[in-house]
Amino acid sequence: MSADKARLQLGFIGLGRMGLNMVRRMQEAGIDCVVFDTHVEARREATSHGATAAESIQDLVAKLDAPRNVWLMLPTAVVDVVLDQLVPLLHAGDTVIDGGNSHYVEDLRRAEALNRHQVMYVDVGVSGGVWGRERGYCQMIGGPELAYKRLEPAFAALAPGVDAAPRSESRSGEPSPAEKGYLYCGLNGAGHFVKMVHNGIEYGLMAAYAEGLNVLKNANAGKQTRTADAETAPLERPELYQYDFPIGDVVELWRRGSVIGSWLLDLTAVEMARDASLKGYTGRVSDSGEGRWTAQAAIDEGVPVPVLTAALFGRFTSQGNDLYANQVMSAMRHAFGGHQEKTEGKG
Amino acid sequence: MSADKARLQLGFIGLGRMGLNMVRRMQEAGIDCVVFDTHVEARREATSHGATAAESIQDLVAKLDAPRNVWLMLPTAVVDVVLDQLVPLLHAGDTVIDGGNSHYVEDLRRAEALNRHQVMYVDVGVSGGVWGRERGYCQMIGGPELAYKRLEPAFAALAPGVDAAPRSESRSGEPSPAEKGYLYCGLNGAGHFVKMVHNGIEYGLMAAYAEGLNVLKNANAGKQTRTADAETAPLERPELYQYDFPIGDVVELWRRGSVIGSWLLDLTAVEMARDASLKGYTGRVSDSGEGRWTAQAAIDEGVPVPVLTAALFGRFTSQGNDLYANQVMSAMRHAFGGHQEKTEGKG
Amino acid sequence: MSADKARLQLGFIGLGRMGLNMVRRMQEAGIDCVVFDTHVEARREATSHGATAAESIQDLVAKLDAPRNVWLMLPTAVVDVVLDQLVPLLHAGDTVIDGGNSHYVEDLRRAEALNRHQVMYVDVGVSGGVWGRERGYCQMIGGPELAYKRLEPAFAALAPGVDAAPRSESRSGEPSPAEKGYLYCGLNGAGHFVKMVHNGIEYGLMAAYAEGLNVLKNANAGKQTRTADAETAPLERPELYQYDFPIGDVVELWRRGSVIGSWLLDLTAVEMARDASLKGYTGRVSDSGEGRWTAQAAIDEGVPVPVLTAALFGRFTSQGNDLYANQVMSAMRHAFGGHQEKTEGKG
Amino acid sequence: MSADKARLQLGFIGLGRMGLNMVRRMQEAGIDCVVFDTHVEARREATSHGATAAESIQDLVAKLDAPRNVWLMLPTAVVDVVLDQLVPLLHAGDTVIDGGNSHYVEDLRRAEALNRHQVMYVDVGVSGGVWGRERGYCQMIGGPELAYKRLEPAFAALAPGVDAAPRSESRSGEPSPAEKGYLYCGLNGAGHFVKMVHNGIEYGLMAAYAEGLNVLKNANAGKQTRTADAETAPLERPELYQYDFPIGDVVELWRRGSVIGSWLLDLTAVEMARDASLKGYTGRVSDSGEGRWTAQAAIDEGVPVPVLTAALFGRFTSQGNDLYANQVMSAMRHAFGGHQEKTEGKG
């Protein structure tokens, strides 16, 4: 750890599970964190890792040397509330970092507002979840290059480092930041834009695996007796669907030597090893914003994203939001064909 | 009605609601129908419209003059059973017509089998549903052209006739069969192939309306209070979603002067006028084969049909068949982010 | 025509083909139109139908009695420019109507701005295209109910009228506005919201027909010789794809007695009668905003619209916007399998 | 290597790049391979790795001890041709292994045919591509359990082995076959069924990344001048799309610490490091069967696979197969709105 890195000081607001782990990782790398959270216990835990606790946002600002750097790790809905308190306390040349899951459009608005106070704004998309403490955090960074440079030791401390994956053939010499796990992506919004798309991709990957495993799961469809009525599509060749696959083992299998190995698959294998029936899950899947924003940005750009939206809509449907559309179709079927829908299943 | 048409005689097996109405329409056009159904009352009703009832398939064949024409109007699953009984009773030069919803691939197999007996096979895709009695039946016909020609008076009798729609500008002179509502589409399978695609399109049209009306229905999303947690996507501008649309009136409105007017919309308007909330429907939508076959044929052809499959998959999902896929995604979310899915809605 | 209707006076800015036809229709119904357009000939044509031409926006305002009604029929991009000139000339109690294809979000902004001048804003989604002169215009209306009431004679004059379609069974008595072809949908934005969804549905309907006809078109896939290499998916049963369908006749056929009859199908039949190969079209399909906005609104609402987005993305792809995505996939295929893409077709 | 494994002997037909590498890997593990290929040089190369070359299929069978095991590694289209020659030469108790990319439906047919000769049939889906020599081959196996057991040393020799990935938490003790990279999936067809789904998932994963990167690529859409006409959708807020992302670095970045790291992403990073513009690729993406079969199986099962089919249809479209559908839509647009499509882009 160089002397430079040791001297970096950071205010840090928001000590949820992710925030706490990030502070811990930075403290271990010699970065001094002055932390605040409304939960006293979280502050206490941070101090046990060497951080300095502040009693309030005012106190936090007071404890920082100029130019100040304040990293926010907050739920999206709270960011503006905290900024309203924080920004009036800051001075020209200070920097605010939003490391949460903000929409990049909000970044542009905030950066402009802070700029009026001559405060720099940096948006950082952070991937890593509950695993970041151990694996490090992948960081996508947007904002003024000056602020990025000043904060680079913090990004480097949080990042997984080059050894977290084999170097790509054709990459050599001193590893670039991207190879260590952080990247300056461009002016404000760039960090959260790249993170947004990252999560959009994540939705697509998850759904691809999920759909495929569902096909395996139902490969015994030919074993089930099937009502022969006008409301049930016939299965022409039931003899082709007589398989009961060991799905947990299949997932484990694909981790080695196959084209579809991934970290998501690694995690799925662990979950499946516990109970491949996944009976504990109800089938409702939440979505949290980034998938929506990715689709909306793609539409603005005129870029087709059928896979990403299919994944997104699968979640909407799992939340029951297709109901009225289905009722409309049943009404039509009733009207033109006298069809009475069956009531098992969804009904 | 010409003398020719008056002389056509037809055996007719399968007197469900649709079959009965077809027999009635043909009798009215001067075509003699000899009918059979396992339900005595159905036979009795057909005779009240002038048809001759047969006691059995043997009896039906015996009552027909050679060359015989036997029209089957049966559930898909029963066609082969009846053919097994019927074909041995027929003679070279006779014709069997399948007017049900068979997969065209079955037509090819059956046509070949009947051909070995020198019996011709005609496949007819019939659209019209419960409305056919009144509106006439749209017929898509495949098989030997000789058989088509012989049966044309029956097709013409069943068809809506040219007056059922304004003639297309650029069409003039003696109306073609297509303009009257029946069409010789090609060799065996052609009739059911075109009907299959017709129904595939129908799925897409229905879903297009249903999705749009669902967007209208949820245009009041901004009025609902929304949990602010990590498992709920934020609605950034609730003020944009404050509408409670009179959906039944909107559907009625679109019937006149708009680009999206259609017979399906006409029917929807009637249903909506009764109860636009459609609360009587559970949200489960059946599918009956043709949508599946259309998608599978498209895939064989290498033709992209994203709209038709989206419509099809919406039905599968309404039947609950996305369950395991969703459970897989929840398991992944738990594994990488510690997410606990919410349990309202689908749960 | 009642005395009331005869007395309504309307300023009308924007005499494109649609605007001119609307003015003509209103003049015929006894509504006095004072018109302006930057093209002198358009003004001249309007006067030939009885309208009064204005030399400028100022002149138009001067020629109207208070309270004034000014209907804009302008390209989306020009609306704000004209409003900037027009609004300062108006007085409390006047009304501006935007009959173009504005995004309803713009309506909300504009309504608020005009409200500060005590000028009412009415948004009207108008469907009818080049056919409106003859068929009438389907109108979806949003804004203050007071303004709607005052303008109702104009809406009625433009609308197709109840005779444009058979009345829905269960509707009786004095026809409602919806049955005549115009509807008050709610407060500002409601009109363009409903029109936006209308167009979203239109995209889905068009794509459903187009995909189905493409499946018919390629039903001869089994006749083509097929390279047997690792880059070409095999067609397992070429004997199933030997059909050359008379697509123009099929489209004509479906107009009578089938479930999928519609006005769009009527139009397609006319086009197909000319040349069912459609060789004159290159395959590039434009989109114009409403489809995008519908999808984005659905995403905000959390409503799944897989069919509508599939239709939208099909257009994006037809514009070539899938290029980089496809290049990425080819790069992956090269990397994991040494695949060299074939160069015919798209290449 | 145990004495048992050392004694396994295998006939191997088909020495393409993949076949040769597999033979080499087995020879190194002490399995005796007797090989045949119509290309003499391929046979020669195999002998340089210790295999015994046969001059013909007859010769190959003659050189094997009973009970014989013959592994086919052939293009799909050739498998039946070779089986026609091979099977008459085999005896009761012998085994044929198909390690190619056969449709599992073919496996069922072939297994039944071979069974009449008391020859066992084993279907093995092999993933690994050009990387298998180095990484090992992931193998999904179907067929009689007896044959699987006998051949297990070969599967183990080809497999990557447990060290190819970190063991899943909760897996302990002697590694299971799945953890080593091969798995007995069930009776005949099971191996190729699982491989089919594996490839279906692969299509989905690839498209998810590709779409996301395309959104990044077009994040500069706001910089481009945009025609303001009725055929071009407006970009309402161009200031939101001003980014030129370093896409190659973003891909590299995501390899460490992010949720979407995968082997496919590793490979993409290598390709991108060479030229992130990917200009060398034309945009045409082939598909090779498994994606189609997965979708068709899902449809038979009634399982929704919107992501997998979206990925598949993207490839069809890249091959130009959406052409007629797009022409139909342009014809409709012309008919209802007088729209003339623009000709740049796809045209």
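Order as written gives the chain letters A, B, C and D; numbering starts at 1 within each chain.
One rule holds for everything that comes next: contacts are C-beta pairs under 8 Å (C-beta built on N, C-alpha and C of every residue); 3 or more make two chains touch, one makes a residue touch a chain.
Note that this is a predicted model, so its numbers are computed, not measured.
Novice: When the contacting C-beta pairs are counted for A-B and for B-C, which pair yields the higher total?
Specialist: When B-C is set beside A-B, the one with more contacts is B-C.
Novice: Which chain maximises the distance between its CA centroid and that of subunit B?
Specialist: Ranked by distance of C-alpha centres from subunit B, the top chain is A.
Novice: Express in whole angstrom the distance between the two chain centres, defined as the mean CA positions of subunit B and subunit C.
Specialist: Each chain's C-alpha centroid was found; their separation is 29 Å.
Novice: As a quick test, compute the distance in whole Å between the mean CA positions of subunit B and subunit D.
Specialist: Roughly 38 Å, centre to centre.
Novice: CA centre of subunit A versus CA centre of subunit B: separation in Å?
Specialist: A distance of 44 Å separates the two centres.
Novice: Mark out which residues of subunit B touch at least two other chains, giving numbers and ranges.
Specialist: As it turns out, subunit B has residues touching two or more other chains at 129, 207, 209, 211, 213-214, 218, 233, 236, 259, 263-264, 270, 287, 292, 300-306, 310, 313-314, 317, 319, 321-322, 325, 336.
Novice: Enumerate the contact residues on subunit C facing subunit D in the complex.
Specialist: Those residues of subunit C that touch subunit D are 17, 75-77, 103, 129-131, 206-207, 209-211, 213-214, 217-218, 228-234, 236, 263-264, 267-268, 270-272, 278-279, 281-289, 292, 306, 310, 314-315, 317-339, 341-347.
Novice: Can you name the residues of subunit C that touch subunit A in the complex?
Specialist: It comes out as residues 259, 287, 292, 295-296, 299-306, 309-310, 312-314, 316-317, 319, 321-322, 325, 336.
Novice: Could you please specify the touching residues of subunit C with respect to subunit B in the complex?
Specialist: Of all residues in subunit C, those touching subunit B are 104-105, 108, 127-129, 132, 135-138, 140, 159-162, 164-166, 168-171, 176, 178-183, 185-187, 189-190, 193-194, 197-198, 200-205, 207-209, 211-216, 218-219, 221, 233, 235-237, 239-246, 249-250, 252-266, 269-270, 273-274, 294, 297-298, 300-308, 310-311, 313-314.
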